[in-house]
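One chain, chain A, appears in both complexes that follow, with chain B as partner in the first and chain C in the second.
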Partner chain A sequence: MREQMKKMVPVAGLVIMFLLFAFTTDGKFLTRVNLQNLIIQSAITMVAAVGTAFVMAHNNLDFSLGGACALSCVLSYLIAGQNLPLFFILCMVFGIVCGLFSALLHIKGQIPAFMAGMCLMFAGRGVAQSVAANTNMLMVGAASLNNIWFFLLVLLVVVVLGFLIFNYTKVGKYQKLIGTNPKATELSGINVNAYKTIAFAISGATIGIAACLTVIRSASIIGNTGLNLETNVLLALSLGGISITGGSATKMRSAIIGTLIFFILNNGLTLWGLNPDYVDIVKAVFFLLTVTISIDRSQYDMIA
Partner chain B sequence: MEEIILKAENMFKEFGATKAVSDVTLELRKGCVLGLVGENGSGKSTLSSMIAGVYPPTKGVMTYKGEEYRPKSVLDARKAGIQYLTQEQGTIDGMTVAENMFLGEEDQMSKMGNVSIKKLNLLARKILDENGMNYVNPKAMVETYSFEDRKMIETARALSHQPAILIIDETTTALSQKGRERIYEIIFEQKKAGTAIVIISHDLDEVQKLCDEVLIMRDGVYVDTLKGDEINAHNMREKMIGRTMEGSYYRGDFECTYEDEVVLEVKDLSVWGIFSDVSFELHKGEILGIGGLSECGMHELLKTVFGAIRPTSGSVTLVQNQVALKNTTVSVKNKVAYIPKDRDKESLFQPTSIKDNIVASSYDKIKKGFFIKPSDEKKLADEQAKKIEVKMQNIEQLIRDLSGGNKQKVVIAKWIANESQIFIMDCPTRGIDIGVKAKIYKLMDTLKHEGISILMVSEEMMELIGMADRIITMKDGRLSKEFTRSKDLSESTIISAIV
Partner chain C sequence: MKTTKKLTRFIALAMAMILCLFTLAGCAGSGGNNGGSSQNSGEETAAASDANTETVTDAESKPADSGEKVKIGMIWYGNTDAMGGTFYSWANHAAEVLNVELVWKLGSYTTADELTDCENLISAGCQGVYFVPMDTAANLQLGNACKDAGVYWATSNRQIADESVLTACEANPYFVARVYDNSYDVCKEMVKVLADQGIKKVCMLSGDPTDAMMVDRTKGFEDGCSEYGVEILATSQIVSGDASANVDSVNNFLTLYPNMEGILAVSGTAGVGEAIITALDASGREKGSVKVAAFDTFEGNQQAFEAGWLAASCGGYTSECLISLLALISTVRSGSGTGEVMALSLSPLLITSAEEMDIFSQYVDNPEIQLYSDETIQSLAGDGVTIEDYQKVLDDWSIDYVKQAAGIE
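Take a look at the complex of A and B:
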């Protein structure tokens, strides 16, 4: 019963927050423009969170997101230039390559995946900043796609696909088994390394999509493209009640609910006219609160 | 009658809605050995845990040495003179042998807050020597020793405190014959010294041999106390289950029956430092038993055959299609199943449901195209769980809430669901009560008659004699002898081939 209530915390939080801001911002929150903004802002993080959930399900963290996103953008721009379709395809390809790179270091090099990801984050950021310092990477053509319908379409496709793969295919089910007990998974005849690699590839693909959306939104690539994507995604997933150690308790809905909570909070606080410096503090307090209530403590029970 | 040292009256323990122990009274006397027997989940471990301070009783009063006794923790109970040995690992990796031996008692070794490592090591050395363990180095990391040695280190620690009460909870289950003999010696020594001893065991012969008195429990409730001549395996079994056992426990026949067709060929298999040059053939419909001491390499041998450990040399081949079992994925794809010894750590997905555990290896069978329908998962799991008679509310119940025997049934169901043709079983009935044990034996017999081959390692000689068509013994990493199923095969014949 208590466990059931815990599961409801993120959903309840989302509803309460939505109502709170709907009634306390003189209607500013519910305007069409604001809601559209909210969706466009959330889209990039949500897409990346869907992919990251696969990696988290098998008990790893993908910390490369922001850097990998910037790296994919820059490399694709250097090859494709203003050729938009080619640029998008290359973004996906480089995203997947980044995911595979993390997987390779983690599996063959036996390095914790979040460390491999962290290296990629710094290296990717470094490359992006040094290229951006000398090149003006405007992508004016991309702006034509910067409308709510396109973002909604991409979101819908990614979320639905993510949901289906996560819950109704071997790829998703095995991630959760690996996260629950890697030894038993291997002894059940499942190729643990292969399925971990697939998770990183999926995460990479969503990084690639997130990279495309970022460029569409800002019509340019700068040194700070995709900055903080990894922290935003991890915050969002935590707010959505994801199991930090992966396993069977990992749910795809954490990615969707968590991202919405994260951006509604951001948006609402700004509409309240709160000083942006304080917004982060409030976010931190809120984060601590939700996580304290909703986190899965079953692993601690085992010790006690 | 000897003097009563501890009396636990009208003890109750409830975990949520589960009544683990209800109104049980027990007396421990100086120099007496009390056996606690009952099926899994009968509450015997819970009862002794309360005495050992693991958790407080929900209701009930304990009187120890004439005073009311309410231990707050295991350390508290230890200080009072009550030592508790369990089946599980009680030593902690990453610490030395000596540090483990004095864990929680460093205060007594320290001067102004500084623990003298030197003193710790010296004292540990002395205790180890007294227990005939001069081969153990107190300064070495505890994980460099085998499970058995670690258990003996724990035992030595417990004894060094001259306990007034010693509780031995299924400790012998995980030990080899040699380790068991040592524990038996200790029990006799302690008995002479006036220690009150509690033994919890599934091995009824062991209980009969050691105990002065046997308390039988069923579903958390006291059933009966047996004394003297009344203590025999038949009586205990009957009271534990609450009905008379019908038919035979093991296989009914004493003929070595299998088909000529060889299904699995193991050739010159070696893993450096563990076992070498192991060759044997497994036939269709055969139960092949492998027996030996715990460290003889037989457990690793099974893992290597299954493809979970890479051999240094040699091969494992499926004869029919000449496939080499080089990893677990290939093995499972070719319908080879593996049931590990360490059920909780290596075969179960603890926080998940019975359903998830059963279907884990069968997704390829039930998926349609790319997708898996939840209704197909349910159907398969439900079918298998019912066929094998898992005691459960429904298949969505969490696996960790089941008893050991039912967990093992789920593990077996997983491999039957996947239509496995060769079963590799490592101690298939370890820590399982006799009710379920008998069912597992029956199931093995059924599988055999369906033409399925079973390769089984066991540390219980009676199990090997009772079930296997052929028994191969292993000693120090090499095959030592082979026996064929017969009525005349005795435990001692096999033991002489393994030690």
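Take a look at the complex of A and C:
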């Protein structure tokens, strides 16, 4: 019963926050434009979070997100230039390559996945900043897609596909199995490394899509493209109540609920006109409360 | 347990349905104006540039003078460093004097984040948005969001580097003002300071050739040198954020050009100024035998002046932020734009002595000090203020002005 209540916290938090802002902002929160903005604003993080959930399900962390996003954008621009369809395809390809590179370092190089991801993050950021210092990468044409329909469509496709793959295919189910007990999974004849690699590839694909959406929002690529993406995604997933140690407790809904909480809170605090000196404090308190109540502490039992 | 699970699912389902309902209701009405989300950055900006005669309608209908407090959205990089804190303090003081409400969003360093802030500020009911564009495209994206919502906007501290973006932005009827640093003239002045001290041979640390502001500064130094008869012996590009690489550059200058009498640096921030002085201190040369002219102020510049290494420095951009904000407030209050973007420039303060450096540190980059009187603020945010009025205030910005405003003899 208590565990079930805990699982309700992220959903309840989202509902309470939604209602709180709906009733305390003189109707500003519920305006058409604001709700559309919320969907568009949360899309980049939500898309990346869906892919990251696959990696987290098998008990790993992907820290490469921001750097991989910047790297995908820069490399795609250098090849495709202003050719948008080709640019988008290449972003996906380079995103997947980044994911596979992390997997390679982790599986073949026996490097912890979060370290492999961090290396890729720094490398990607470095490349992006070096190229941006010498190349003006304006993508004005991409901005024409900055509308609710496009973002909604991308979100629906990614979330629905992610949900189906995660819950109804071997790819998703085995990630949770690996996260619960990798040894047992291996002994049962499942190729653990292959499924881990697929998870990183999926995460890479979503990074590629997130990179496309970032360029659509920014109309340019700069050294800071995708800055803080990894932090936002991991925070959103934590707020959504994801199991940090992976396994069967990992749910795809964490990506959606957590991202919405993250962006609704940011939006609502602006609508309130809260003093900027207090914004981060309020956010921290809210995040701490949500995570403290909802986090799965079973992984800490051994430590105690 | 089963009941709780059902309850969870029910709440989740209800939540999803509410969101879908609002979303669909919202999307159904999004055929025309998309509010905060800019639909029209690409092709439409080109169209907008042809529509210079477009008149401001949405904002005109807004009740700027209906007794309600004017609300301005402020997208600013932070309030913890000297310049960030000073403008934060100046803007809040001006808002108090003018009875304007400011809504701040701090800490966004990408265009996507600035756009998110801008959309949220518009949703919060801001009638004007002020920001420092993180890159050229930010002008376009945030400008379109403001245009779609009928909200005025103004910028400072950055030039628009791309011609097509500049044209599109200038055609945006809600674009009130852009203020940028007149780095070129100040750089020429800095060369003159060196030339007046008898310096004839210099080496130069240049900036990123794709950064419009850096290109301006480099050009200013080059033109200043040819105008005042100073020879540039060698040029090396500044490596941003890598102090040791910059120390190496200065050491190379010292080794390869023993006849070098001065160093020009397009920027002294991010460790560059400190790196130059460190290299000179370690060179074994007599103090003051090489004179440095470095753009931007840096840690230890007071001592560098006193030691005789530093001959000229410059800084102080807070005025341009304030003027841009006041122009925005004035336009929002009057409820109608002039139909033309006010393009203003500010010459940063030229600092040529340890005494001036001390004044700069004490009175310019100091959030506790207000250098513009309440009367001046009132007059610059009222009706009928012209572009010339704003430019005059920016032109008056000098160390002498600071002394006078701070009451120093």
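Criterion: the second predicted complex is superposed on the first by the 296 of 304 C-alpha atoms of A that agree within 3 Å, B and C clash if a C-alpha of one lies under 4 Å from a C-alpha of the other, contacts with A are read in each partner's own complex, and residues count from 1 in each chain.
Definition applied: contacts are C-beta pairs under 8 Å (C-beta built on N, C-alpha and C of every residue); 3 or more make two chains touch, one makes a residue touch a chain.
Quick caveat: nothing in here was measured; it's all calculated off a predicted structure.
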{"item": "Chain A as common anchor, with chain B and chain C clashing or fitting", "value": "fit"}
{"item": "Touching partner for A:N191 - first (chain B), second (chain C), both, neither", "value": "first"}
{"item": "First, second, both or neither for A:A249, with chain B first and chain C second", "value": "first"}
{"item": "Chain B versus chain C as contact partner of A:M8, first or second or both or neither", "value": "second"}
{"item": "Touching partner for A:K108 - first (chain B), second (chain C), both, neither", "value": "neither"}
{"item": "First (chain B), second (chain C), both or neither touched by A:L177", "value": "first"}
{"item": "Touched partner set for A:Y168, first chain B, second chain C, both or neither", "value": "first"}
{"item": "Of chain B and chain C, the chain that contacts the larger number of chain A residues", "value": "C"}
{"item": "Chain C versus chain B - closest C-alpha approach in the superposed model, Å", "value": "12"}
{"item": "Residue numbers on chain A that touch chain B, as the complex places them", "value": "164, 168-170, 173, 177, 180-181, 183-191, 247-249, 298"}
{"item": "Contacting residues of chain C [partner chain A, same complex]", "value": "1, 4-5, 7-8, 11-12, 14-15, 18-19, 22-23, 25-27, 29-30, 34-45, 79, 101, 103-106, 109-113, 115-117, 119-125, 134-138, 140-141, 144, 149, 161-162, 164-165, 208-210, 240"}
{"item": "Touching residues (chain side chain A, partner chain C) in the complex", "value": "1, 4-5, 7-8, 11-12, 14-15, 18, 28-37, 39-41, 44, 133-136, 138-144, 146-149, 152, 214, 217-220, 222, 224-227, 253, 260, 266-267, 270-271, 273, 275-276, 279"}
{"item": "Residue ranges of chain B in contact with chain A within the complex", "value": "306, 308, 327-329, 331-333, 338, 340, 345-352, 356, 360-361, 363-364, 367, 370-374, 414"}
